[in-house]
């Protein structure tokens, strides 16, 4: 399951980011790290009915509603990697205003904007 | 804008449900009703970059994370109407466990199950 | 402080409701009951700079944003008792859509409507 | 509606701040900007039954309960502009402890204090 | 891991309740069921450093803060099964008032009271 | 009650930190300060049925679920002072993933790690 988890994690976060992400998590808490690899990516994200782009946009929706800016920044990149355009991400984040209020939508768009400015090259999938 | 709002609302909630939904909202609060037609459907949901099925799944994601069971029940039907399969909806709701905890995922799946049992015929879009 | 708490509680909830409310709380948890009399009403609500109507409307705002329907029903009555009109309460609850999303505003307006239907006579202060 | 929205926005945020605020929002997301002008200020805040000071205090109540410090800082100034005294704002924020817990009240009072230190001159309305 | 998960689940929820609980979850969503057995009980709850009574009280704390009454009812019983007294559970729930506000503490105490009334015999561990 | 409150506060936060903590709170808001001494510590935390270590772990559970990092940092130290080991605190924080999602657990573990790095000497009670 760890192997499947790492493969799925790499698909969403980018193979080149997995090693650094795993080192960070291992240092934070080895158990949480294992849960994320085995359960989050090895089980939940491994479901193959939802296409990866839709899944990443749903992740963005959930994180923005919960005001989790750190992980939202990571998943803005993940969604782009799955082929989501800037305008699609913006439409999801505008919709946050309807379900969690304007401040959450505003904060999320600011996080998105900062991510695009920091990683301008990732506009297209596979980059 | 009201006209566009009603058209978009009908696309998501089903033309046959709009009249009853509008009567309910008008009775609840005419201003809120107007906001929902003009702003929620006439503006936010009228964005045409995000495809309607993905948008409905993001709505489900947001409502489940916020434990809003009443509106979630409505949007489970809306998502099916846009072509989302039961298994796709389930994958979104399982993912709620990762971002808002297991009780929210559990509650949301119970709401989804009740909706499918009450409206069994709506499995395919356009029905 | 208990004496002040009971007096302030009576001002907001109505002297005729205090006895029943206190019996309920005493049965639920005598300590929580004491906290509510001594701290919530004897301290926080005893502040005399904020006028009681504004305070009750702020309470409504907070409860609606937190989706606490039970206590919101109680405070819709309290706000009317302090002279808030139905339309003022509605304007506060519509604003909930901006800061906590439409489902919370919708739920709160439904709670308000039910309270007005159940206690129609309380429209004017002092009734 | 845009015209009404800008006028109402100016009344709450201060005419001298509107231009800068609008430039920021336009850069963040032109659609969100439009929603805020047309819907938030042009509709919700344009309601004329609730007096502006009470409305601003309710906004503060909602933002503090949701731990939205950025927008809370903006609305502490807006409330002062509508004539709310420092002590009235403090009483609202202390009440946050009752409905959302002490950490939220504490965070909100810290935001308020920082706002008063940064903009000491705004104590009276119209300044 | 499933075997460990079922054993740990039985320790917290009572061996006699596991079969019924599993049938319910299997019917709700077989994948969520598997996650709960393998991940929640097989991993998180299987940690052996925290004693089971403290863990159950922390669960109660978390559920009450999140206003999850359904699962809170289940865990009030689980905490009693691990030897927590009614007064210990009450002290945890009163503390909820400090961190999530009085309405959440109130709701949680009502859930606790209903659980004790429905299952009066479970006061002692192992019953 | 103030005397009892200060004594209980000192037991949890460390006598050597109380003076500085009180000066900070007094400067933030004298009323909130009084509430914390008299109500939070003088009443809620003064309950003597729950042992102090379990209480501090429940506090950590509540703060982590509410994403209150500032106060969580304070209570990680308080829990260690009551004899909670690093691994016990970690088990509580991992469990946050189950009830409030992985981002909240992650954020809480990062806060815990920062606290341990900043105050390495406090591993044992009474230090």
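Order of writing sets the chain letters: A, B, C, D, E and F. Residues in each chain are counted from 1.
Everything below uses one rule, namely that a residue touches a chain if its C-beta (ideal position, glycine included) is under 8 Å from a C-beta of that chain, and two chains touch if they have at least 3 such contacts.
Given the structure is predicted, the values throughout are model-derived calculations rather than measurements.
Would you pick out the chains that touch chain B and also touch chain C?
A, D, E, F
Give me the chains shared as neighbours by chain C and chain F.
Both chain C and chain F are touched by A, B, D, E, going by the contact rule given at the top.
Going by the average position of its CA atoms, which chain sits the greatest distance from chain A?
Result for the farthest chain: C.
Which one of C-F, B-C or D-E makes the same contacts as C-E, at least in over half of the residue pairs?
B-C
Where chain C and chain D touch, do the two copies share over half of their residue numbers, giving same, or under half, giving different?
Since more than half of the residue numbers are used by both chains, the interface counts as same.
Have a look at A-D versus B-D and report the one with more C-beta pairs in contact.
A-D
In angstrom, rounded to a whole number, how far apart do the mean CA points of chain A and chain F lie?
31
How many angstrom between the C-alpha centroids of chain F and chain B?
For chain B versus chain F, the centre distance works out to 41 Å.
Could you say which residues in chain F touch two or more other chains, in rising order?
31, 35, 40, 44, 47, 63, 66-68, 94, 97-103
What residues on chain D touch chain E, complex-wise?
Going through chain D, the ones touching chain E are 97-103.
Of all residues in chain D, which touch chain C in the complex?
Result: residues 40, 44-45, 47, 49-50, 54-55, 57-59, 61-63, 65-66, 68, 85, 87-88, 91-92, 94-100 of chain D touch chain C.
Under the definition above, what is the set of chain B residues touching chain C in their complex?
The touching residues are 28-29, 31-32, 35-36, 40, 63, 66-68, 70-71.
Along chain B, where are the residues that touch chain E in the complex?
Touch residues, chain B against chain E: 67, 90, 93-94, 97, 101-107, 109-110, 113.
Which of the residues in chain B come into contact with chain D in the complex?
31, 34-35, 38-39, 43-44, 47
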